[in-house]
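The first chain written gets the first letter, and so on, giving A, B, C and D; residue counts start at 1 in each chain.
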């Protein structure tokens, strides 16, 4: 039972999810919205339940669409509340995600009914460690189309997102930097900050939901905030911030999966711990190390 | 519905109502100060940060031969890790390079991850009685027992007493932290006291009403109160009132409506109260603003011609 | 730390026969839940080694498999899982294992569709609560094991016949025991909706405080309705479950007490998980026996205190 | 900078019936005013007069209740490249990971347009703009480590890098040291000499007659506008500041 069959996909999924969310996390960090990920993770429930009520089906596509719509709506509402009620972003997020989650629970209980086993964990929240690829016999399977066809769909989606997000950064490098630094100047010079912000929120919604579906909420929340914070502690320029956050994301993703299961097995142990949880813990260690390193350099 | 409002809808409804009202009172009051301190979501981080403590306590209890499922023991563990997470967030943010919200987000996600790791260890152990361990964080208001209600009442009393005693120094701190520290106020001690109260509310609330309701009642009533008044004592009282009111109305509605989950309904009522305050408040409300703005618009256009 | 692998071996009643003496190592069969694993081991006898993924008291709704669990899935020569949505995302992994050609069997889905309890197109997964339906599941397990070890087919069929006989005896004993419960008290109130099939089989009204998913949230009205039911029907006991928190159940007891009707906690039933492996309650027959005995005694019926075969723990 | 000052007939900025309300209180009321085509214009008035609001509303950064805004006779969108904006220094996030050159280069973004990375030539132009305000030595220093005066000059360099015909500056002299103030005055004079129009929100009345050609005295409404030398007469000042005291 080869490495490719058991560990390759979780390893890739964790790294790709961390990369996609880590990059977007930079813009959240620089605009004081790091907690948006946490809000989104609570806010997706009504989207899923509505998707189930409308389509009556439990398969992934409608649920993911519902979740993305709910995430986008929640993020927009946080912005509106912050401006209209002059609330701090944190308070606005707290109100929006509590409200969305409560609507989701009420819909679940009254609309879906008690007899249907539709809870968030089974439908949306993926489990990193279950992303096995039994069709793989070894590294050669990476080239074998039949084996590739049997790859878990969760990996394909988060893989697509993990390609799209860096492309988005590359294409709109200076525009996103200007938006984060000085939206007013962006408006005056015609770089449409409102449209760009909406695009970013959409990208965040898709990235979060794809990551939830592949690796679960725990890893996604850590991926959104740890790489940017570590990069923030270690670098002084925007380019370095983005590059270091990407590296930290990959290290964190790989480190977590390897430490959680691959290493114990290599040492002949027959137990393993939660891969997603370990990715977050490795992230925590990286933050601690960066914080100590940053203190020395003054 | 009416009988539920007057505590005649059966013992359980009365106990749940009393418990939730007391909790709403405590959460509203404490939440007001936490909101003004600009750390609204610290409660969400603290709530998530109890998970490793609960799982850790279960494992430790097992190793020490204690009863690993004793609630006080598990909550002690949860309280410990939640406090550590809050302190870690403060330490991370102290450098200045990492802002408060990012530090809270790191503390939240890393402790959530550590909790998942420890839970996976618990799950692998061939021991029974881990039923509902993670369910501890997803307490349900409707399942509240009389003992829980008394705990809530005690928490409310302690919270109101401490807030009452510290009202003047706390309001000085919240008004202008710099000025307060210059004036020799023990800013650090006050902060710790406030966070301690927040933790008390979180730890009492989690097993009884669940994570989302705890976070919601610590933020939403306070935000609504802030729309209606600027004076701190009035705001805290109003926030406590909104918290208790939302709980009372929420329980009544859930007692009357078939299948309506009590905790979620309380949250929806609290959000509705906020929405009403947002629309209707004379000072900062939208309706008043829109009306006046329309008048201004007309006048401005007339002047421009 | 993981004792499950060794413990499952201990659970095999026929341990006396040394495994290693066999020329060819017995194939490894992996079951997801104990309600499948234990009977499967009994049917396999020495033909195969059966391990169970979910430990004692682990709620399948909240179960998070780790890499080690998944490695066992891939190592297994045959995977027996329940299906009907019980195992959540683990089912996707098992689906991929099957797609790669490894033998896999959805035991719960072997039961004919029309005898399942279906709501809004979604079947209630707790099929094992009905021994008769679980006999059909056992047939499919035995057939699959025979296909795995044709040489051992006769022995397997023998074990099946013995198991079916014991099931039949258990079933008639249970029906008789249930009949002793006064008619108006035949109401089973539990923490969550896991006993629909059990209630249908033994003509027992079944009410769970929470829905099928342990994530669902009951409302105060649900609690009040159940208290009314308890008081109206003078029901003497309600039941907790080993794999679910008993908070809601205690609230019911308090509610009824406030109405002057004393309700006791009739005991802790096995719903989504069985007893400790190696014990009688850790077997499927023992689990049903425990549940029936506990329910009948608590609801005022007559049944031997040590249950169907006198093997229940004191 | 083009050497020959071309006399353009159109006012650089013309406002007609501009009214702005922040939530419910009117901050600007029915402001009709035309700036000269070129030269140094100061917008002065008491605190809360709506000076900064006027700039922001003109640039569309905050919603207008009513009124028309024209830049060189055209809406902003048509002449974006000709309009430069210098925001208040305090409104900028100086903790952002960027160097002085990074910020100055933002002034060249419109020339690069969407999606394209900033060409080397544009970065050189940004460096030149930094040189104009004497900031070329700190080009690669993170902006968080610069002094208040240096930060103000970096922002000014960004606006210079835009090479606009009209500069809208929000409190360019606020909180800067003497050397910076002098440097900025020098830049403004060079811009005026080159035929550009600079409209600056300014709070220090004493320097207005000397440093500026034209002035607009504002207190939510236009109090008076005209040549800087004569505008600040006691009556005008009383009407602007007097009313403010009694209001």
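Keep in mind that, in the parts below, a residue touches a chain if its C-beta (ideal position, glycine included) is under 8 Å from a C-beta of that chain, and two chains touch if they have at least 3 such contacts.
Everything quoted here is computed from the prediction, not taken from an experiment.
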Joint neighbours of subunit D and subunit B, given as chain labels: A
Best-connected chain pair, where connection means C-beta pairs in contact: A-B
Chain nearest the global centroid, as defined over all protein CA atoms shown: A
Furthest chain, CA centroid comparison against subunit C: D
Centre-to-centre distance between subunit D and subunit A (centres being mean Cα positions), rounded to whole Å: 41
Interchain centroid distance [CA atoms averaged], subunit C/subunit D, Å: 76
Subunit A and subunit C, separation of their C-alpha mean positions in angstrom: 37
Sites on subunit C at which at least two other chains make contact: 1-2, 62, 64, 66, 68, 214-217, 219
Touching two or more other chains - residues of subunit B: 97, 116, 119-121, 124, 257-261, 263-265, 284
Contacts with two or more other chains, residues of subunit A listed in rising order: 105, 109, 113-114, 232, 260, 271-274
Chain-level touch network, classified as line, ring, star, complete or other: other
Interchain contacts, given as pairs of chains that touch: A-B, A-C, A-D, B-C, B-D
In the complex with subunit A, residue positions of subunit D that touch it: 56, 59-61, 76-77, 80, 83, 85, 87, 91-93, 96-99, 102-103, 106, 109-110, 112, 114-115, 117-118, 142, 144, 158, 162
Residues of subunit B touching subunit D in the complex: 96-97, 284, 288-289, 292-293, 296-297, 299-301, 303-305
Complex interface listing, subunit B residues touching subunit A: 35, 38-41, 44, 91-92, 95, 97-99, 101-106, 108-110, 112-121, 124, 212, 215-216, 218-220, 222-223, 227, 257-261, 263-265, 267-268, 270-271, 274, 278, 284, 286
Footprint of subunit B on subunit A - complex, ascending: 29, 32-35, 37-38, 42, 84-91, 93-95, 98-99, 101-103, 105-106, 109-110, 113-114, 218-219, 221-222, 224-226, 228-229, 232-233, 260, 271-274, 276-281, 283-284, 287, 291, 294-295
Complex contact set, residues of subunit B against subunit C: 4, 9-13, 15-16, 116, 119-121, 123-132, 134-136, 138-146, 207, 210, 251, 254-265
